[in-house]
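Worksheet for the structure shown next.
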């Protein structure tokens, strides 16, 4: 079961690349590039495991030299006009994340939504949306046949797992793109990596 | 670059499955099963992005009904004899994590190390080791040719990225295996999922 | 200035005891006692420094044997009907905390507000309110004369400092009361104290 | 019991001021002033409730304009030569905090210990120590008589409570002193206060 689940998740990640929309990605990267060049702050928000994916991304943005903060950290700078809030939520409906994104809009920040649902409350209020597939977006049909064949009645990757793992890999690829555009080497990142951490 | 990096990471994850060692995995799962049946506490420890991978795993253990805690959370129960400490560190050398694992041994807890290095300080003190490949374990040679061909001098996935993403997918597959062994459905997990979170 | 500020804060804390309302306190303690006896979960929520005061209180509730969680921790159980949500906010207006408290009401949990403002959004939706003075509640007049005399135009304890320090001491006194009612000794608490923590 | 405990804590805080040593405080403030003027980073470390006291202090340092980080946050900058690490531990013996302080010394950072024990491992490796009384430092004798008279066999403020509450007020007084020296107003702090937080 472990191997089958591993394959299901890794195949999902591999296949998702074909589904991710280039124009959305380009808008996202462009906003990040502008933020970097114009010293805009970035605040990353997300709940539960989506929040952890956001934190992993935020760490790499920090290593790249961004002025980045994470909702839930002790040290958070205020968000101002034209700063960037990156909100990660598979469903796009997590109450506290939508409330936080609304607060960001109120002060004139730009909101980027990383979500599976283009018509969710979070996506609707966002300036830029990047759709990342989750189980509900791609795999229902596929799964239907797979489950028939396999005699399974439960998905192997429960709840938001596919969205979360897929978003994690996608955001790590965004980091590679930013490294390339900024001419940053791995050694540059290492210099900004925390040396006392837990 | 983004697409190439995405492919590099997703291919690495796919290929890693062949490298992960079944007996190590079976020992790991067995300890988790015993912990579940005997009401042992689990403490998950890790620093930086490895710590986030550990937190994502800990959330799912919680959803499965484990009595689980995370180093760094406000609410942490004491670790006792025969409790389980799961330590995640690609290098197996992170000072605070090794110190925490040593403290766990002192009180008689069992330490499971998820790491790329079987001969690291963390792995050496652990009762069970699960080797998860990172860049240094598998891809140096592959990368060598790839880089020659592509003219790249820097890896696309910097620092611990490959270990972290690979460990995340592996641990999600462990969750699928535990769901299967415990007869838990996705709905069972949903019942234990936080409904107020950030 | 440091000594004057220290005295201002410690005097404020000392004087606040006369202002705290016994019936409010008794309702609060009663809810906690009931939660303890009936295995109700407690979720502590608060933002910024008020959130830290809440976390310090939550740790002691854990040491006392409560099934307690903190908004922002990795490991959080869902809140059910009749569980307790303790919300700490000097102003009673912090957007995310009010949203979280509303979510708690929706699932039938009881909300306890620790706040300086009885007429705030948080206090209005709460089942039990405990008013803890902050600068705006007590010290404006006092400060007025003090400032005239001292020629100061700024308070020595900025923003929510007085509320936060006062709430911290008040909640530690609540812990003493609960120890007394539950017949718990310091050694009992020590047994539940984390032995691997950061 | 609640009122008696409240009084015991607030009296302890009030009385502690006479015990805190001016030269230690002056060294501490001087290091902070230098850090501010020379753009040194500050990393605040502490475990459990002492860690929360450190976080509350770190927030105010951030509001004052310091480049400050907290062990345990997602976003943490590396510590370099001449940066400042502020370690808070009543006992001065918390394993992970001593390990972290040692790591700080290795990279040439200056360590400030806030502790009750001048001869603890943490204090011994620190460049500057500020002794803050806890139960063990002041109140043993007083308590002895108090307990005889009152017939109590347990202190009303368990474990590190007195140290933690006292350190919190002391550090808030340090903030007032820094505001004064830097000519900062409450409005200045408000400008740096997070506007989206939890």
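Order of writing sets the labels: A, B, C and D. Residues in every chain begin at 1.
FYI, a contact is a pair of C-beta atoms (placed from the backbone, for glycine too) under 8 Å apart; a residue touches a chain by one contact, two chains touch by 3 or more.
All figures in this text were calculated on a predicted structure; none of them were measured in a lab.
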{"item": "Those chains which touch chain D and also touch chain C", "value": "A, B"}
{"item": "Interface residue identity across copies chain B, chain C - same or different by half", "value": "same"}
{"item": "Whole-Å gap between the CA centroids of chain A and chain B", "value": "20"}
{"item": "Euclidean distance of C-alpha centroids - chain B vs chain D, Å", "value": "34"}
{"item": "Residues within chain D bordering two or more other chains", "value": "52, 55, 59, 71-72, 74, 96, 100, 103, 193-194, 196-198"}
{"item": "Partner chain C, residues of chain B touching it in the complex", "value": "43, 45, 55, 58-59, 62, 68-79, 85, 96, 100, 103-104, 107, 191-198"}
{"item": "Complex contacts: residues of chain D adjacent to chain C", "value": "1-7, 9-11, 13-14, 17, 25, 29, 47-49, 51-53, 55-56, 59-60, 63, 71-72, 94, 96-97, 154-159, 161, 164-165, 168-170, 172-177, 179-180, 185-186, 189-190, 193-194, 196-198"}
{"item": "Residue ranges of chain A in contact with chain C within the complex", "value": "52, 72, 74, 95-96, 99-100, 103, 198"}
